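Naming follows writing order (A, B and C), and every chain is counted from residue 1.
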Amino acid sequence: MGNDGVSVSIRNLSLNFGAVSVLKSLDLDIQDGEFLVLLGPSGCGKSTLLNCIAGLMDVTDGQIHIKGRNVTWEEPKDRGIGMVFQSYALYPQMSVRGNLSFGLKTAGMAKDEIAKRVARTADVLQIEPLLDRKPSQLSGGQRQRVAIGRALVRDVDVFLFDEPLSNLDAKLRSELRVEIKRLHQKLANTMIYVTHDQIEAMTLADRIAVMRSGQIQQLDAPQTIYSRPVNRYVADFIGSPGMNFIEGEVVLSDGAPRFRFDGLDIPLANYQFDKAGAQAGQATFGIRPEHVAVNSGDDWPFSASVPVEIVEPMGSDTLVWSRLGKQALTIRVSSERAPRVGENVTIGFDPMNASLFDAASGDRL
Amino acid sequence: MNTTEDTTRRPSQLFRNLNAKVASIPMIMTALLVFLGGTVWTIVYSFTNSKLLPRLKFVGLDQYERLWSASRWWTSIENLLVYGVLSLIFSLVIGFLLAALLDQKIRFEGLFRTIFLYPFALSFVVTGLTWQWILNPDFGVQHIVRSLGWESFVFNPLYDQRIVIYGILIAGLWQGTGLVMCLMLAGLRGIDEDIWKAARVDGIPTWKTYLFIVIPMMRPVFITTLVIIASGIVRLYDLVVAQTSGGPGGASEVPAKYVYDYMFLAQNLGQGFAASTMMLLSVAIIVVPWAYLEFGGKKRG
Amino acid sequence: MRYSIMTAALAASVALPLAAPAGAAELEVTHWWTSGGEAAAVAEFAKAFEATGNTWVDGAIAGGGSTARPVMVSRITGGSPMAATQFNTGRQAEELVEAGLMRDFTELAEKENWKEVIRPVSLLEGCTVDGKVYCVPVNIHSWQWLWLSNKAFEEAGVPVPTNWDEFVAAGPALEKAGKIPLAIGGQSWQTTGTFNVLIPAIAGKDVFLKVYQDHDAEVAAGPEIAKVFQAADDARKLSAKSNVQDWNQATNLVITGQAGGQIMGDWAQGEFQVAGQVAGEDYTCLPGLGVNELISTGGDSFYFPKLDDADKTAAQEVLASTMLNPATQVSFNLKKGSVPVRGDVDVSAANDCMKKGLDILAKGNIIPDTNQLNTEDTNNQLNDLFVEFFKTPSMTPEDAQKRFADIIASAD
């Protein structure tokens, strides 16, 4: 195929509802067999983008190619996609078997071919004992598996998931999350997954597209997004508990960049500036709670003594709220070594793990 | 120390929720006296030969014998069956189609809905009179079409014995389909959007989606609508009186009119009671098995 | 303070209408005289009654007798009776009288000598139960008339018929001229009336009495009645295109020359009068269909439900008396097209047709009206039968006669 290993290709996609621009000139290439997660808060356009790829919404401008074919104006059924919905959307009056086979029957497929596919799908998803039950007789997790099965029987290349786990409780969610990952490993299909939950995104994705207001902020592997967020918005969105942001300014002192705030000074020698290099100006210094060491005794490029204001035990870890200069700082420590409220502790970190953002634009420096 | 048990007895069920029970007494009395009492009274007096005023002179099944040998009664039942079955089918089909069309997120949906529902606000008498004029051969549809050039066009159902009941059917459908449409529309609105999307992704054509997925999901709405339509059918009286007075030649008679005419015009209460008891019986024959299936079966499950 | 003044004012305003001058009562009178001619006639009653110092509250009920009578009955049995109400002379209020809901006028009848004045005396007999007089007959209407439009026959190019057979023969010519030969309204009492007129006209007085007075089912199934059914079949064919509902709409077809004729009672005269037509010139009347000059002596009577109010009860007597006094009888009946019940009034102002009726009455060629012979139940069954017969061409006269005999057999 002349698609160079690109499964889904989106070019200049725009979608307007009247005067409101929901998707703004998006470009996105998804590789064969890739698990891509569209991540963002409500209203960022991720579900809309998925619906456009599926063909459930008409685009205002731009093109969509699936497996090298231009499907911009094709019906959903002709795009070679299968879709799983948040509310499962199983046909309530049909049995599981009926749900799986209805679409195939309508397409005029031979009975034995249908039976074969249904059996295979039931095997993969382990829903064989459920085949004759009605959706109302299934649990949430079982229903979602049937919903996935409905997409599976279509023998398509691309699977679309629209927040499929949001209706489930936390425990079930983590169980099914693993199942989906296993499924992806087994089938190796391209999967496009929409969610607002960063844990799902981080655990499942090959790449994450963080979206905001109809535009993709960053498209990278999870670890890259985590360690080198491309702007403050992405940095804030990923990571729980969230990144610490310290307002201050970058000054160049004898050519060496330093970050000054509240009378304190962080040397930025280890920090990887982007192509433009270090430039003076208002900036925000971001450091994740887990990258701040407490009472470690090691030599850190920056260290300070901070008061412990609040201690939040979270089980294996404890979140310590303190103050660096005049600004809040959260620190993650192992619960075994948690300090007590009122204590002063010595913290240290390396700017290599930090992110520096331009105060005005939020872009990474 | 004695071992007296200090157990508080569970308060008598009868006095629980006393306020609600007292408040419902008027309605219960009404139901018992008026509905139940009236029904029993009517059935009892249908075995008498009451004329203008009720009197307790029992004559066994005489009234029923006379009823079932009256050609007018047979015509009435026939008409009601034809009207009933067709009214049911067409109301549901047309109502559902209109609802499906309105559900397509069209503009001016509110306007269309008002237009379709408007006839329902009219009484059967007004509906009957209006359609009598529309179907009148001298100045209604037939006249208008003829004046447009088609000289031999004939559309005169109200004066043709064989098809007068269809003329009444048209008026009845015009009046009642709007309500069916609104009920169906409400039902359609209750269908999860994602079901439509899933069906579309599955490649199921729209009509099949309606037929095999959406309509089965709307079963409760259909049942409610069915009951409403059915009650309108059995009550059929004022439409017939206003539109055709039971004519021509008694061809559009209906049971409710038979009851009224014999009770008041013919000053023969006994005959009227017998007819209305038959109407009650026919409704019971349909409702009782259905109620058993709907509610009785569940107790076992 | 304000409260009690308001209350007093309200109480006073409510009390006001009750403090009417003594002797002047408001009487509500219900009837179904709503056509042009009928309304003009009943206005005469109202005028005469108001001249006595009382008030006539008109309670006209539209839709004919069959619509009005149930309303009247339910009001009387329901406990909110009117002061006076119309019924046809006969058995229509039989059960109400038996139930004791009507007041009797035996005293007034004796005082004003009704037995002597009212003719034929059978009218008063229809009002008498157990020797007591319960109603006041106010007119004599007969059914047995064929009204013909002179204009229609002229336009069809045939002479105006002088009897039923000639009328039937003129049918094709009328149809060719685009006229409806026989106009009949859709309401069932009209088709029954047509048939009942055909019986004395074709089978004679005796057969009529055997069927309706004696309820003889054998005669009803017999050859004389079979002939009547043949005539009814002719009438059916002649009236096939007639598609109006009310009797006066059918009369109107005759008045305007769109129909050749109508078999209808002499109350149709009121319509001809209101339309300004003259008997003999614009229209022709054939009593007894021109075959057997017999007229029935039906008509209307007023019944007076028992009332609690003493003033109104006294006023009821005044109304009864007014309806029967000679001047009112003349003015009312002339407008109505009926014959006065009193034999001692001056009817020189009557037109040609009414004079014919008076003549027949004087000769004594009368038959009772079916309303006096049959119950409403029997009449209703006959209505069902004849309205079906007239509109169902496939129903044979033989089949219809069989059902007719059954109804007569079960009549009480």
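Assume a contact is a pair of C-beta atoms (placed from the backbone, for glycine too) under 8 Å apart; a residue touches a chain by one contact, two chains touch by 3 or more.
Computed from a predicted model, the values in this text were never measured in an experiment.
S.K.: Provide the labels of all chains in contact with subunit B and in contact with subunit C.
M.R.: The shared contacts of subunit B and subunit C amount to nothing, since no chain touches both.
S.K.: If you average all the Cα positions, which chain's own average lands nearest?
M.R.: That would be chain B.
S.K.: Whole-Å distance, subunit B centre to subunit C centre, using C-alpha means?
M.R.: 39
S.K.: How big is the gap, in whole Å, between where the Cα atoms of subunit A centre and where those of subunit C centre?
M.R.: Taking the average C-alpha coordinate of subunit A and of subunit C, the gap between them is 93 Å.
S.K.: Could you put a whole-Å number on the gap between the CA centroids of subunit A and subunit B?
M.R.: Going by mean C-alpha positions, subunit A sits 57 Å from subunit B.
S.K.: Which residues belonging to subunit B are in contact with no fewer than two other chains?
M.R.: In subunit B, no residue touches at least two other chains, as defined above.
S.K.: If you look only at subunit B, which of its residues touch subunit C in the complex?
M.R.: That would be residues 51-53, 66, 70-72, 137, 159, 161, 245, 247-251, 261-262, 264-268, 271 of subunit B.
S.K.: Help me check something: in the complex, which residues belonging to subunit C touch subunit B?
M.R.: For subunit C paired with subunit B, touching residues are 66, 69-70, 73-74, 77, 92, 94-96, 99, 186-188, 243, 245, 375-377, 379-381, 384, 387-392, 403, 410.
S.K.: Mind pulling up the subunit A residues that touch subunit B in the complex?
M.R.: Counting only subunit A, the residues touching subunit B are 51, 54-56, 75-78, 81-83, 85-94, 102-103, 106-107, 150-151, 154.
S.K.: Give every residue of subunit B touching subunit A within the complex, in rising order.
M.R.: Within the complex, subunit B contacts subunit A at residues 192, 194-195, 197-205, 208, 212-213, 216-217.
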